[in-house]
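In the part that follows, the structures are each spelled out as structure tokens.
Look for chain A in each of the two complexes below; its partner is chain B in the first and chain C in the second.
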Partner chain A sequence: MHRTSVPMLWRRFKNKYKLLGTHCEKCNTDFYPPRELCPKCRRTGKIVEKRFSNYGAIVTYTQIYAPPAGFEKSVPYALAIVRLDKNGPDVLGQVVDCDAKKLKIGLRVEASFRKIYEDGKEGIIQYGIKFMPITHENL
Partner chain B sequence: MNSGIVGYGAYIPRFRIKVETIAEVWGKDGNAIKRGLKIDEKAVPNYDEDTATISVHAALNALRRAKIDVKDIGAIYVGSESHPYAVKPTSTIVGEAIGASNDYTAADLEFACKAGSAGIQMVMGLVSSGMIKYGLAIGADTAQGAPGNALEYSAAGGGAAFIVGSKNNEMIAKIDETYSFSSDTPDFWRRNYAKYPSHGGRFTGEPAYFRHVASATTGLLEKMGAKIDDFDHVVFHMPNGKFPLGMARKFNIPIEKMTSGFVVQKVGNTYSGCSLLGLSAVLDVAKAGERIFVTSYGSGAGSDSFALTVSDLVDKRRALAKTTKMYVDSKIYIDYPTYAKFRGKISV
Partner chain C sequence: MRVAAIGLGLTKFGELWNKSLRDIALEAGMKAINDANIGSSDLDAMFIGNMSAGRFCGQEHLGALVADQAGLSIPSTRVEGACASGSLALRQGLFSIMSGMHDIVFVGGAEKMTDISTEFATVGLMGAADEEWEGFHGLTFPGLYALMARRHMHDFGTTHEQLAAAAVKNHHNATMNADVAQYPFEISIDKVLNSTMIADPLTLLDCSPLTDGAAAIILCREDLAKKYCDTPVYVTGSGQASDTLALHDRASLTELKATVDASKAAYKMAGVSSKEIDVCEVHDCFTIAEVMATEDLGFCKKGAGGKFIEDGNTQIGSKIPINTSGGLKACGHPVGATGIKQAAEIVAQLRGDAGKRQIDGAKTGMTHNIGGSGATCVVNIFRRF
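Showing the complex of A and B:
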């Protein structure tokens, strides 16, 4: 059985495949995932699309050993909050290609387009952004 | 016909497994295999990497170097024998992830290890005829060999992307000419629903690789009225290290001209990505005015040859993205159980 709503996923491709979120011009707040309404300014806010930096640093992280369904093959994996450069927002994502012992607060990471989840053997493959340690700064 | 490379980019996964690590599992002599194949280690994609994710990384690097508006890309072709879906294109996933418009034509290509170079020829035609402004051609694979099979030592993951345009002042390297040689030769195949490929054993050498690579190479030289000595860097498809060096001996090419694109020893055979990664490694070091000769090979069988001349734009552009060597050198070694887990060789 396929668990995923394909139309719902499809509407988010644009934002999930890259760090494209929104920004409230009135209160100067960034949103990723994007919000269409600013929770602070409500109807008086002005929301515009904004592309965030692909680079950032880990604010905090945890190792997942008991994963939700569909992520069994990836354990153990790291989940981190990453503060994006250029005053970007804090974003939640997996950290990959990183030795667990090298994970630390402040570690510099960059966005990486990865497979997130496969809906069984016959369902859709979800892609999205994860983070990996920066090997060469500014490239 | 006027076309050239305006942007190029590589991507190689970070994980490596050494040939001796695999050999040990099967009770084989790792050093003998290393010497025989001229491969020390191969690149292994993480569990969440596939041809689509590798293609996106390579394409983003090509875009950094091309400095064009991504919306001007009018064609996207991804060549691979490991497309994530049997039906559903990889090329549109790439288009969405790099932020392309919807105003482009796309298709996934398959021709064993040469579908990427076939994609380059297709976009050359489209840009030369003025049908599109820029075309993106990618060769990428997450190649697998069955556990214990000889291919397990070489089948690797990686890819390279090329943006082709027709304005001379935008070219990092002009594509002077191309020529292909194809025939129905069943040296290697994978049937529908089969997880791992089959190959014709010794049949993969003389009538397959050597005949096609030599014929395409000779054919292009004749077409151009050129000699292989006219070229400064040569890349032949690298299913292992032994075959391209054997081909170099056939053509009396000095080993120095083979080294800049010889990525196979530290990366393995990345199939559709292989000769294109070789070309990207050459572009990382080539000097303005130098000439490059590339011949791909795809089982089944065929070869595409290309002659290129590097422009003086190369120095400025190559620094805008990670070089092939940076990817080759950024590595994490893994053991066989981790490798088996990453590549889904364990069924849970």
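Showing the complex of A and C:
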């Protein structure tokens, strides 16, 4: 039983492989994942593509010990909601290359392109964005 | 036009390995029909709440399945809103009578969750969240509520001990509901804190279980209710609201806006406020969910829920008894059946049929049922006159 199919994944490459979402030019609101309809401006909104910052800070986090199928090998793994810089949207992703003891609300992180999981033995290998602590912010 | 609940039926909740989905649906349904003193031919329609029989048992088309098992050929419709499917089915039954289309309606819920492995059940349940942007990253339901718990602790100083107090109370209530409850035994705060970690900070005993179970209620037009039942309980208010599927899209991580909106609508329709609620079943899929519901329904201020529960305000005999059935935590959480089970508990309380867990003089009761991490909420208010 595979969780996703090739087309399901393929049509989201653009947005899943980098932090590319949308933006409503009328009310100046960012959307990631992308929205095609602005909830506030409705039909009068003007939606355009927008690339968001790769940097942000943790708003909340957890460590998963009871995984869904496909993630068994990664346990325990950290997941966080990250608020991207420049008032960017809140984004969910795993936090990797980080000692669990260092996880905290406010921790500065940056996006990194990583393997997410293998969808069974014959399924697709899924890639996407994870976050890791910023190592070179002061450079 | 008011609508009355005139009969209810519940199966035992638990790991029912010797019973199938159709077995439990029929069992709860026949109990409700017998309890209502009606014949099956009196029924005009059926609404069946079920979240994911397709993933849990490979079976869809639940409306027809339940009608088939009951030997009926009346209209039967499946209603789905993740873990709020049961309350949605009740709402559809309510509408169908209020519209004048039907006189007597069967509303039920059933879920069979233990025929597959925990890993696949976890994936199946994640269908209630945002699969493309949450499930994709390995997020689970305990994980979603852990993200809310962490932020609630950060913003309001809520402690794990306070969360645990909700589970301890619900297990205690379940000991008085042993005919139905999955876990009718006591636990302690220490036991919750030291049980297996599931999604930090939530441990196993912060989480509701995977459960098989079914529940059914017979709804009836007000003017016919006394013909069948000496103690009809009326549905006086009902509210429903939606929010974003994904948690990270919401303005607040410590409030479920759908709960606030749905309860406002239900209070308005019933003409009551939170102060007039004598007994309430809330959606405690995780301990933090009970804390937030206690706040969002207006029983205490935002951020004060942990202390409110820890101080005993929600125990039987106290200010506002919450989850007298044992809640989702200890009574069990067969997702599609939960909303109907909550309503059945409130109807039993208002009839005075709740045995050892009876709230003396309860006149007005409420159910709060969440789908997903808060993308659907249904609040129903019941009253005896």
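Methods note: the second predicted complex is superposed on the first by the 134 of 139 C-alpha atoms of A that agree within 3 Å, B and C clash if a C-alpha of one lies under 4 Å from a C-alpha of the other, contacts with A are read in each partner's own complex, and residues count from 1 in each chain.
Following the convention adopted for this analysis, a contact is a pair of C-beta atoms (placed from the backbone, for glycine too) under 8 Å apart; a residue touches a chain by one contact, two chains touch by 3 or more.
A quick note: this is a predicted structure, and the numbers were derived from the prediction, not measured.
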Next on the checklist: Taking chain A as the common reference, can chain B and chain C both be placed on it without clashing, or not? Answer clash or fit.
Outcome noted: fit
Checklist entry - Where does A:105 make contact in the superposed view: on chain B (first), on chain C (second), on both, or on neither? => result second
Item to check | Touched partner set for A:134, first chain B, second chain C, both or neither | outcome: neither
Item to check | Touched partner set for A:74, first chain B, second chain C, both or neither | outcome: both
Checklist entry - Does the superposition put A:93 against chain B (first), chain C (second), both, or neither? => result second
Checklist entry - After superposition on the shared chain, which partner residues are touched by A:65: those of chain B (first), chain C (second), both, or neither? => result second
Next on the checklist: Which partner chains sit in contact with A:57 here, chain B, chain C, both or neither? Use first/second/both/neither.
Outcome noted: neither
Checklist entry - Which partner, chain B or chain C, is in contact with more residues of chain A? => result C
Next on the checklist: Just to be sure I read the superposition right, which of the two partners does A:13 touch: chain B = first, chain C = second, or both, or neither?
Outcome noted: first
Checklist entry - Touch check for A:116: first (chain B), second (chain C), both, or neither? => result both
Checklist entry - Counting only touches as set out at the top, which of chain B and chain C does A:125 meet: first, second, both, neither? => result first
Checklist entry - For the superposed model, what is the least distance in angstrom between any CA atom of chain B and any CA atom of chain C? => result 12
Checklist outcome for this item: Check: chain A residues flagged as touching chain B and also chain C 72, 74, 116
Checklist outcome for this item: Within the complex, chain A is touched by chain B residues 13-15, 46-50, 52-53, 56-57, 84-85, 93, 96-97, 99, 320-322, 326, 330, 332, 341, 344, 348
Item to check | Partner chain C, residues of chain A touching it in the complex | outcome: 1, 3-4, 12, 16, 33, 59-72, 74, 76-77, 79-81, 89-94, 105, 116-117, 126, 128
Checklist entry - Which residues, counting only chain A, touch chain B once they are in their complex? => result 13-14, 17-18, 20, 72-74, 96-97, 99, 112-116, 125, 127, 130, 132, 135-136, 139
Item to check | Contact footprint of chain A on chain C as seen in their complex | outcome: 117-120, 122-123, 126, 132-140, 142-143, 146-148, 150-151, 154, 196-202, 246-249, 253
